[in-house]
Amino acid sequence: MGCDAKRVAEVLRAGAATVADHKAELIDLDRAIGDADHGENLDRGFAAILSTLDSGVPETPGAVLKIAATTLISKVGGAAGPLYGTAFLRAATKLGDRSELDAEAVVAGLEAALEGVVARGKAEVGDATMVDALSPAVEAARQAHADGGDAAAVLGAAADAAKEGADSTVPLVARKGRASYLGERSVGHADPGATSTALLLRSFAETVS
Amino acid sequence: MGCDAKRVAEVLRAGAATVADHKAELIDLDRAIGDADHGENLDRGFAAILSTLDSGVPETPGAVLKIAATTLISKVGGAAGPLYGTAFLRAATKLGDRSELDAEAVVAGLEAALEGVVARGKAEVGDATMVDALSPAVEAARQAHADGGDAAAVLGAAADAAKEGADSTVPLVARKGRASYLGERSVGHADPGATSTALLLRSFAETVS
Amino acid sequence: MKKIINEPAAVVAESLRGLAAVHADLVRVSYDPDHVVRADAPVADKVAVISGGGSGHEPLHTGFVGAGMLDAAVPGPVFTSPTPDAVQAAISATTGEAGALLVVKNYTGDVLNFETAAELAAAEGLDVRSVVIDDDVAVADSTFTAGRRGVGGTVLLEKIVGAAAARGDSLDDVERLARRIVGQVRSIGVALSSPTVPHAGEPSFDLGDQEIEFGIGIHGEPGRERIPAESADALVERMLDAVTGDLPFNSGDDVLLFTNSMGGTPPIETYLAHGIAERLLADRGIRVTRRLVGPYITSLEMQGISVTLLKLDAELAELWDAPVHTPGLRWGI
Amino acid sequence: MKKIINEPAAVVAESLRGLAAVHADLVRVSYDPDHVVRADAPVADKVAVISGGGSGHEPLHTGFVGAGMLDAAVPGPVFTSPTPDAVQAAISATTGEAGALLVVKNYTGDVLNFETAAELAAAEGLDVRSVVIDDDVAVADSTFTAGRRGVGGTVLLEKIVGAAAARGDSLDDVERLARRIVGQVRSIGVALSSPTVPHAGEPSFDLGDQEIEFGIGIHGEPGRERIPAESADALVERMLDAVTGDLPFNSGDDVLLFTNSMGGTPPIETYLAHGIAERLLADRGIRVTRRLVGPYITSLEMQGISVTLLKLDAELAELWDAPVHTPGLRWGI
């Protein structure tokens, strides 16, 4: 079964709940190697998505994601705002006016999101950013799709890979974003943005399945 | 045996050593109910007296005390500077050009010192200031003199009474100086100036005897 | 204790060296005894306005030396009144026929040392008067105490009296104006943390994580009472109540509102507190027509603020607006 | 956490309300999206100079809006870059035919958000350029990182570029000047304590009683290394070595020396540190011909200082001296 606009709205609502639940944890991660605002920033953005959705859900998944994108861009600020915003925007554009998302569409959306983040932020895998979560997520999604998985399976595989990717940032020296100012001292900490990416994908997967 | 100018200089040197030894204690007392500078202030003044005396001791006890007075006035600052300075100045004036101080002269000097402090500071016994040490010291000195004590005995009695007087400030509500801003919250603390007065008189007495 | 200093005993002189380097066009700094005078002192035919007191409150007083404000400032050691000879040196460097006004904050030490200096100056034939400022409503005013402390009102008084002297007012007039200001200015302060006096090396008081010292002075002397930490709205209202409960500021009054950082409180919080005070005063019909916001009378690194209200009339407002050019306060020039 | 605030989420807007009340003659404050523009904006036929970034650094940038400096400032949440729509609102309110220069501190968030805003403005036919300032020598400059942070040099750049725009320079010239300044300004900062981000509620880092964070940024990001507390003489020398080791300032050079308080360090220490820096530079034959001392780019209540050196020539000195009238910086008017 695919995912219609209403379901995508639910997915975003679940994401908002996850961000709210993990706000303090994300702040703590960012305090260690950044400026202690990542949880607050994302929460401000997703809370705004919630209230926008409360006043009406558009017809297509792409339109819903576009609302999320513009809300994030105008509410989050910092590095995460434009990056997450671009991710959602590229996914929305990619999905066009399809009315339902199947496994293939989910893969395409994730691919577009990753391209958007890389285009804006210029980070590579191994720089200890959200790309370290999103990039393996895309790979895993492709593989799950190739293996015949449905949308839920694809998102589940992406979430698992993202979690692993986020964990993989712990031993890394950050080379992008605020943590890069720390040089060697960034070693030993999970990247906040990679962690939030994994958390969001997990909650998306759980809501779809 | 009386006290000549050289002996008075020794007395002041001993006072300076006492102040240096108790500097931290006096700062702590002043931190509790004032502004944490009494020990530093007095130490700056007495250290300056030391170096003035090193460059020569005048002929008479009065002249030595006058040097102490002007040094304290120009080096201590705060409330204690003018008060201690006036005390030494009045004592010096009272002693005129006597070449030796006997018991009677010590009493007269202490009386003049107390008058000076009261004239400047307008404090009464019970206000929790140095007057609470100096006033009973003068009484005790008078009594010791009446009982036939020599200069050392007079100073010893004064020191004992000053110590008791300083201790008596603990349960009092301060009504003069910085501690008075505290109202009831000044209760339970010894007054720094009364404490330094008692310490000085003790070291004076020990040096003379 | 962690501070950007060398020897505690050298803090004042070394800080003055910085002041001298930055503001050589405005001030001349002399050491031992330390005093700061206008670069163009003595100014002929002008009443000299002189102040001073313990250091650690910068820019008060040394940062207020210059055109339209102080002719001289006498910084004592940290939190310790300067000595009479230092005050006397400042008087000598600035005072002529027109005489001088000494602005003295009401602390026993300041009063005694400035009094002695004034006597010495009088003995030299100079016309030197003193005005004692005691605007801190935190302290009960009683003849059985040292009286109220001089705090934030001092900044406003020095600016306004300095402007009066600059326009050529006589010593009588300047003195009368100063006394008038003392009568209509009131302040209250709070501390969120304690300052550490350099030579003491330890905080002057301990404050719990959820405590505020209400009615703090500017020397780390404990305040009037300890209260639980509360919202800025509640705290600023409590502060204004203390001030207006003392000297009734009434609906329709024009006032100058001065929100001061005690040194460790940054602009974002000071402006926030000021905004609240503006709103609360507007609610009471009190018209804020002049304002000053920032760290102008500090208490070393202490976190906290004070609020000062001065009742204004046309003359005071005009003198407040008059040009001033000092290290710490500048406009119109 | 103890601060004079209400709800953490309301800190920026409430502080802006204070700014609006105090400086209504200079600035106009709009909320949601928050932006601050000159009271007389748009100024006809003038290049608009616009900056912004996370809040908590006041007076930067909102306190630098006014004649001779910024046309608009866009304050984000505390330590968080503002969003493109807020920047766009500031551009719309101030930018005409002459175009605008965006002054962007080099942080990923600021760069991305301002970049987006500039694109949106370009789409509306406005000539909007950006200059990214990255003067912090604490961070190794490498293509493998986000590059150096923009810190104290931003204040100097905004003043000088603002003066150039005020005298009527074209956008090309203003942009060229800004890039020239970026090339010849360098800074380094130290922290003695950590700031606490209001919504985080806890200090951003823990520092031992005898530790200093050397090479700190302005967001409580940990610095380059942790060093044992040392004398002001040693610390300032270490700071100057870091700066001059990066961009050689040579004997005979004229420089502007800016000693900045990070928010929690009071004037007595800031001036003391400045005095030391003056002496050390004089020893090296470097001529300090302009100076700025005080809390101009803060990091909430963090205790610490930064030192910025800008190589001067006649044009930069003249533009520095030009009149400026903003909440945070004022002279000549």
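Lettered A, B, C and D in written order, each chain numbered from 1.
We take it that a contact is a pair of C-beta atoms (placed from the backbone, for glycine too) under 8 Å apart; a residue touches a chain by one contact, two chains touch by 3 or more.
Nothing here was measured: the structure is a model prediction, and the numbers come from that model.
Student: In this assembly, which chains make contact with subunit B and also with subunit D?
Tutor: For subunit B paired with subunit D, the chains in contact with each are C, in label order.
Student: Can you give the whole-Å distance between the Cα centres of subunit A and subunit B?
Tutor: That pair's centroid distance is 75 Å.
Student: Can you work out the whole-Å distance between the CA centroids of subunit A and subunit D?
Tutor: Each chain's C-alpha centroid was found; their separation is 32 Å.
Student: Would you mind pulling out the distance in Å between where the CA atoms of subunit A average out and where those of subunit C do?
Tutor: Centre-to-centre distance between subunit A and subunit C: 54 Å.
Student: Can you list every residue of subunit A that touches 2 or more other chains, as numbers and ranges?
Tutor: none
Student: Among the residues of subunit D, which ones contact at least 2 other chains?
Tutor: Each of 78 in subunit D touches at least two other chains.
Student: What is the shape of the graph in which nodes denote protein chains and edges denote touching chain pairs (line, ring, star, complete, other)?
Tutor: Here the contact pattern is a line, an open path with two ends.
Student: Where do chains touch, given as pairs?
Tutor: Result for touching pairs of chains: A-D, B-C, C-D.
Student: Which of the residues in subunit B end up touching subunit C in this complex?
Tutor: Where subunit B meets subunit C, its residues are 27, 31, 33-37, 40-41, 44, 73-83, 120-121, 175-178, 180-183, 185.
Student: Across the complex, what residues on subunit D touch subunit A?
Tutor: Going by the criterion above, the answer is residues 9, 33, 54, 76-85, 107-109, 112-113, 115-116, 138-140, 144-146, 149, 197, 199-200, 202, 204-205, 217, 219-222, 224.
Student: Looking at the complex, which residues from subunit D come into contact with subunit C?
Tutor: Residue list for subunit D touching subunit C: 2-6, 11-12, 14-22, 55-56, 58-59, 63, 78, 192-193, 209-210, 212, 229, 231-233, 235-236, 259, 263-276, 278-279, 288, 291, 293, 295, 298, 300-301, 303, 305, 330-333.
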